[in-house]
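Some structures are shown below for you to check.
There are two complexes below, and they share subunit A, which is joined by subunit B in the first and by subunit C in the second.
The block that comes next holds the complex of A and B.
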């Protein structure tokens, strides 16, 4: 498998707080990489560093052999990396379709083409492509789905999903897992932050675990879930994922 | 056949009504009269609101310093005419260009600011310009103000007898303003501006260069505002820094007509202006002398009442009403409605 993204000793300090400390890991082309860790472990900060919302204090982020750290988010989106927001951040004053059109405009110069692309993307994640309502009319599940559609419309090669399954029922989680697998089949590389262990264990090819801003484990779902530091800091010894 | 069933036909009816309303004042009001003057000012403030709306409404970057561009526009054409005898029509183009350049300069420090801080930054800029134009008396005559040299009524000199010529000039400039605003709104830039007005971060992450989008919006907005500055100078024949760079006289008023009419809409500024300007004139005309303070009080009170009643703008109320009426008609089972067009 070829490497598409690599973090090299990436550190992010906010004042005195070290949010991410010398994190290094690689992402392979076409894989689903799970990221786990307790709240405040630095998972979302890692995402924000990759998409350019934060500048690393130190370290390098290499995408397709090219350093991208410190570039503004719209440039990184153009290169092919985007994310969804954990605290869902839709364009609430715009109709649902227009939310997705904004994303589609990245690769389509003409508004008409972008609208057509947006409708295809809406259909892909299970919306009615002719939907006319606004984000305020949607429930939590659909709001998360719209976040995914908007990001997807930018035509990313890597998509970072930040807790898109938070608050979903088990049935809805299944649908979401299928959707994410479908995206991988289209050739999109995915990084997924999730607390739902069942979902992330079945979904991920590989998992990276964080605690206090530092990477504590990196490997197959089974390896990571049996790593003593992961059990200590996150899963707990009585977790169903820990072999006894 | 009810026109409400055919969207194209309905659109035509709206355009016809609009055209009739806009062409009516010159037909019924006297050329040299007070009413045509107010009608012309309504068009001017509708245009200023429309220009302001591109950055203030579409992108929700509330500027309270647009008088900077207006004043620079007014002085540019007037100084060019006074010192070089250049026709104000060319002066208007120069005004737009210089106002545009100024907006690019202002963008560097102010676009880092969000929300209230952006508004404060724009106020500061307009104030700095006002003071500079007061200070450089050698060129601007300072607080005394500049009179536009009278060259006789002719189209080339942008000087007309009475109000009629100005009314149609304002109508043309307003059409241009609305056209630019419309193109921005339905185009790529419009989507990007609306997106960043909701969230800069989310817009950036899905590929919107928010700085660049705001720069374009600000450039178009300021160029149009500068052109309106020239119109004002030619219409009033007199400009002074305290007026054309004024906070209350222009900065606030052009934002006001948009907020009153409907933020981010094409026709909102015209609706807002058509109410605000006559209201302003009427209260000033009725309560004079000792009561002039009362006039401001009533003007302000009525504005507050209107905005409390329709915080999303009067245009919103109008579309809401017509939508409700259409739904009512449909629910009554009008057979014509069922068959459609």
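The block that comes next holds the complex of A and C.
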């Protein structure tokens, strides 16, 4: 598998707080990379650094052989990296379709083309493309789905999903897992932050674990879930994912 | 202690709760499970009077409370930890916590409340002078739960407290809430982590489409085929 994205000793400080500390890892083309770690470990910050919402204090982020750290989010989106927001951040005053059109306009200069792209994207994530309601009418599952659709409509080669399954029932999680697998089949590389271990273990080809801003494990789901530091800081020894 | 009797809630004309009955006894641990949009959050909002009920009544200690404005609910020592954190981003962690203890009975116990909050979530102590808006999502969730505890509640209502928390911390939070309940606080819990919920509660209700469809003890719910299939993923 060829490498699409690489973080090299990336550090992010907020004042005296080191949110991400010399983190290095690579993402391979077409893989689903799970990211786990305790609360405040730096997972969302890593995502924000990759998409350009934060500028690294130090280190390099290389996408398709090109350094992108410090570039603004709209440029990075144009290069092909977008993310969803952990706190779902829809345009609540706009119809559902228009929320997705906003994403699609990145690559379609004509509104008609963007609308057509948005409709295709809505169908991909399981919405009726003719839907006329507004985001406020949607329940949690559909709001998460719409958050994904808007990011997807920008035509990313890497899509970063930040806890899109938070609060879903087991049945709903299964549907979400299938949807994410479907995106990978279309050739999109995915990075997924999630605390739902059942979902992350079944989805991920590989998992990177963080604690206190530093990478503590990187490997197959089984390797990472049995890594002593991951058990200590994140899973707990009595987790069903830890072999005894 | 709390008795929700035949309440209905409508958003515009769309019914969210229909003729719903639930009760929580003194010191009891009660859970509400159901899929998204079933009406669980609406139920907690109705008790806090954040949404008006269109029928029925809500009694607390034998007194009707459904006509009280929302700000008169916390003085009854009913704490509501809302879904989606809703901490005050421009205030520090400790200021957020102190706001949870704004009513006179809780103000007197502020020191104990802070001690409890920080023992439950040491991370909050490390971050006590930091603005809440700079916390990670999961840390904000910790803060929301702790802010609810600061009220020194007789009834603690928790709406999806496990969202965004790391697996180990979810267990710790549930254990801690159980400890608090054992000391006499009644708990009304809504959470998608049904296995853990069933492990803590005395009794529970399953809500679908705004109605109670199943109710019983934790064991009864665990043995119910419909619960197993829809909520335990078995």
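Keep this in mind: the second predicted complex is superposed on the first by the 244 of 244 C-alpha atoms of A that agree within 3 Å, B and C clash if a C-alpha of one lies under 4 Å from a C-alpha of the other, contacts with A are read in each partner's own complex, and residues count from 1 in each chain.
Methods note: contacts are C-beta pairs under 8 Å (C-beta built on N, C-alpha and C of every residue); 3 or more make two chains touch, one makes a residue touch a chain.
These numbers come from a predicted model, not from an experiment.
Trainee: Now for A:151: first (subunit B), second (subunit C), both, or neither, which partner does it touch?
Mentor: First partner only.
Trainee: Is A:102 touching the first partner subunit B, the second partner subunit C, both, or neither of them?
Mentor: Only subunit B; A:102 stays clear of subunit C.
Trainee: Between subunit B (first) and subunit C (second), which does A:10 come into contact with in this model arrangement: first, second, both, or neither?
Mentor: After superposing on A, A:10 lies clear of both subunit B and subunit C.
Trainee: Have a look at where A:38 lands relative to subunit B and subunit C in the superposition and call it first, second, both or neither.
Mentor: After superposition on chain A, A:38 lies in contact with subunit C alone.
Trainee: Can A:168 be said to touch subunit B (first), subunit C (second), both, or neither?
Mentor: The second partner, subunit C, only.
Trainee: Considering only the touch criterion stated at the top, classify A:91 as touching first (subunit B), second (subunit C), both, or neither.
Mentor: first
Trainee: Taking the touch rule as given, give the residues of subunit C at its contact with subunit A in the complex, in rising order.
Mentor: Contact set of subunit C toward subunit A: 35-37, 83-84, 123, 130, 134-139, 141-142, 160, 163-171, 192, 194, 230-233.
Trainee: Can you name the residues of subunit A that touch subunit B in the complex?
Mentor: Going through subunit A, the ones touching subunit B are 51-53, 72-74, 77-78, 82-83, 85, 89-94, 98-99, 101-103, 105-106, 109, 111, 114, 150-151, 153-154.
Trainee: Over in the complex, which subunit A residues touch subunit C? Could you list them?
Mentor: 14, 17, 36-41, 43-45, 86-87, 139-141, 163, 166-174, 195, 197-198, 233-236, 239
Trainee: Report the residues of subunit B in contact with subunit A in the complex, numbered from low to high.
Mentor: Per the stated touch rule, the residues are 186-188, 191-192, 194-195, 197-199, 201-210.
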